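I'd like to ask you about the structure that follows.
The first chain written gets the first letter, and so on, giving A, B and C; residue counts start at 1 in each chain.
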Amino acid sequence: MPDAPLLRVSALKTYYGDFQALYGVDIAVARGQIVAIIGANGAGKSTLLNAIAGLNAAPPSAITFDGADIGGEAPYSIVRRGLALVPEGRRLFASLTAEENLLIGAHVKRAGAWTLQKIYQIFPALSERRDTPSRSLSGGQQQMVAIGRALMSNPVLLLCDELSLGLAPIVVKEIYAHIRTIAANGVSAVIVEQDIQQALRVADYVYCMIEGRIALEGPAKSLSREAIAAAYFGV
Amino acid sequence: MAGLSVRRSSPTTRLATGGAVLLALLLSSAAFWASDNGLRLMTDMFLYIALACLWNFLAGYAGLVSVGQQAYVGLGGYGLFALAAKAGVPVLYAVPLLGVAAALLSIPFAKLLFRLRGAYFAIGSWVLAEVLHLAATLVVPLGGGSGMSLPVRAAQALGRTPHDRFVATYLTSLALLLAILAMIFVVLRSRMGLALTAIRDNEGAARSSGVNVDQVKLIIYVAAACGTAMVGALIFLQRLRISPDAGFSVNDWTALVIFMVVIGGIGTFEGPILGTLVYFLLRETLANLGPFYLIILGAVAIAVMLIEPRGIWGFVRSRSSLQLLPLSFFVSKSKN
Amino acid sequence: MENLANAIVQGVMVGGLYAMFAVGLALTFGVMRLVNIAHGDLIVLSAYVALITTQTLDLNPLVALIIVIPIMALVGYVLQRGLFNRTMGTDLMPPLLVSFGLSVIIQNGLLFLFSADNKRLQAGAIEVASLRLTDAISIGVLPLLQLTLAILVIMGLQLLLYRTAIGRAFRAVSDDPQIAQLMGLNNRHVFGLAMALSLAIVALAGVLLAIRANFDPATGPTRLIFGFEAVIIGGLTSFWGTLAGGIILGIVQSVASSFDPGWQILAGHIAFLAVLAVRPHGLFGRET
């Protein structure tokens, strides 16, 4: 018997002023799943995540989380429900140290297992750099802080936007290993990724977007290279 | 195949421009049909319209929000009294001289003030005005804290009878207003006008498009200083008396002006004129309210900024795409 | 010589007050890029609130602070959420013009309610109590108290900003208002708190100044300018720099006043313009 999905997006259309970015997107994320959304630049992946997190406008019923309509709700209220975003480009608070960035992630005070200690356990490199100003950290370390910051809100669902952006391949592998550990700890995830190989390796289910629409979807294992390439490039 | 033609004028703007010319001619002849009180009132109005248009030019177009233009009003007023009373310069010659002097003085002032951005620039401009205010109280030959009156012989150089003086002041003020309006109009139609629109919309983008933003801002600031000082000279010529508090009054020369421009429509050519006219229409009613009139004006200005920041004229224009003056572009299909 | 030393000491004391005006400005500018032109008029408003409180409750103004500070903090919160939050955005004109309009309204409202008469807060014996340092120099107890409070306030602010959750929230919202919302921060509320804190500080300073010097509805802009000059002289980089800026301004004014009282405020303006000309980012600020 299938559970109702943890997150459901239905026929979502979003606009930037007069420009339409999403043309009716449907996705579903089940509890315990890692879902990947792939697609070229400008496909609307970040727009989708931002809409789910409340940074873009959406009609209330277009986005349902844990049974409740959350479309268009304020971001600070959405994060209280257990939905956390790791934004594209990390977007750490520049004047805060690594630890302060983590601490502010806990501002929302949701009960759960994620504490500062646990974050440092998963990311030992951060523990040595806890008092470093965040802008002095390396790209990989910043990404870890960004993920940790989102985890500090004890989310049920983690949204990750382009984790691999600007990072060396070896660092990317390390980051995604951590994602698998995090998922094993009971956090579901939606991963937006340009690195298709990485996305397929870590995800259970994949959506491919092009120009604001879903072009292809299916279990990661069952999608063929040719099908993905065709959907990705729109041929 | 039909092409497109781009024109700067339309039937409406031609009509309006013609109307404006007729109005100017009518006003020039006021000596023949207006009473003394009428002349004084209209002089007052012309000078306030000039102040409003200049402030709008500075803030609404160049983005330099100054709350210190009273510095130049006072400078013009005191300069006139100094030149006329102490140096014996005929008052009407003193006015353009003061314009030039103020323009030159405003350059080092601008260099200092431009080191501040945004609201800090605004407060800095206020400090500058306060410096001049305090300096005026310390200059004893010009009356110190209590101020001075214009010597009778200097006033009489304008005209032997009060009526002659009113007419002379009226015509000079009208001429100054028309010159200022013409200057603003010409600039807005020119390449600099385009640069101003670009700066107002996005300063960073304007810079990277090659607009010399700092130079444009400096030119506008100097032009506004020049105009404001000349207006100040005429204001106090009309009043025949000046004091530091009157010359550098924030309420009279900045607060009122800002409220008029905001209510009329900041960033448009017609807005400040409209706002000033509205104020003068209400002035009789407002005068009975004592300190309340500024409270009401302030509240209305705040309401305008929050609800319809484009002011009355901006609102009218957005609803009717009415363009009275040939300041924008009209695209139409040309007949082939 | 002793006259000069005395003037400097007095200047240091009043500089603490100026620093508190400045810190209030710097706080709202830092957290939400808002410069409140009505800042000085709100300082004067605190003095009038203290006046009413001391008169109706027959309290010493220093005791009345317990009532005045919370009142002004509340005023700040309501002002921010009710008025200034509607002007937040990338355009600098709405907050500037709205706060200017507010300034005019407050001044004229006070003028209507209290007339243009000079007022002063009476603090009793403490006003003349003093400590003898040397034969020629004595420090008033009240001015010393003011300087001590200024230092305590700044220490408190530093602690708040760097050791507490709300301080982290202020800094986060200042760095990135959009992402701050993802942390569960309601920006509208955080801005309100920042303004409340700012007005609480200036209420303290405003009441202290009103014990030392006369006030009337038109003295607001001068207070704003003192705070602003202290900010520019000291630089925006740290609150301690702002304290230094306030003290320098106080000293300049005091020394000038000892030569000729008419030069007091003007000397401060000139010092400000000099710093602006030579070191625009402040004597203790870093170039950004």
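FYI, a contact is a pair of C-beta atoms (placed from the backbone, for glycine too) under 8 Å apart; a residue touches a chain by one contact, two chains touch by 3 or more.
As the structure is a prediction and not an experimental result, all values here were calculated from the model.
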| item | value |
| --- | --- |
| Central chain (distance from its CA mean to the mean of all protein CA atoms) | C |
| Selected interface, A-C versus B-C, where C-beta contact pairs are more numerous | B-C |
| Euclidean distance of C-alpha centroids - chain A vs chain B, Å | 55 |
| Distance from the mean Cα position of chain C to that of chain B, given in whole angstrom | 33 |
| Separation of mean Cα positions, chain C and chain A [Å, integer] | 44 |
| Residues within chain B bordering two or more other chains | none |
| Chain C partner contacts - residues on chain A that touch it in the complex | 53-55, 74-76, 79-80, 84-85, 87, 91, 93-96, 100, 103-105, 107-109, 149-150, 153 |
| Footprint of chain B on chain C - complex, ascending | 35, 37, 83, 86-87, 92-98, 100-102, 104-105, 108-109, 111-112, 221, 224-225, 228-229, 232, 262-263, 265-266, 269-270, 272-273, 276-277, 280 |
| Touching residues (chain side chain B, partner chain C) in the complex | 59, 65, 67, 112, 115-116, 118-120, 122-124, 126-128, 130-131, 134-135, 137-138, 250-251, 255, 258-259, 262, 266, 290-292, 294-295, 297-299, 301-302, 305-306, 309 |
| Residue ranges of chain C touching chain A (in the complex, touch as defined) | 165, 168-169, 171-172, 174-176, 178-186 |
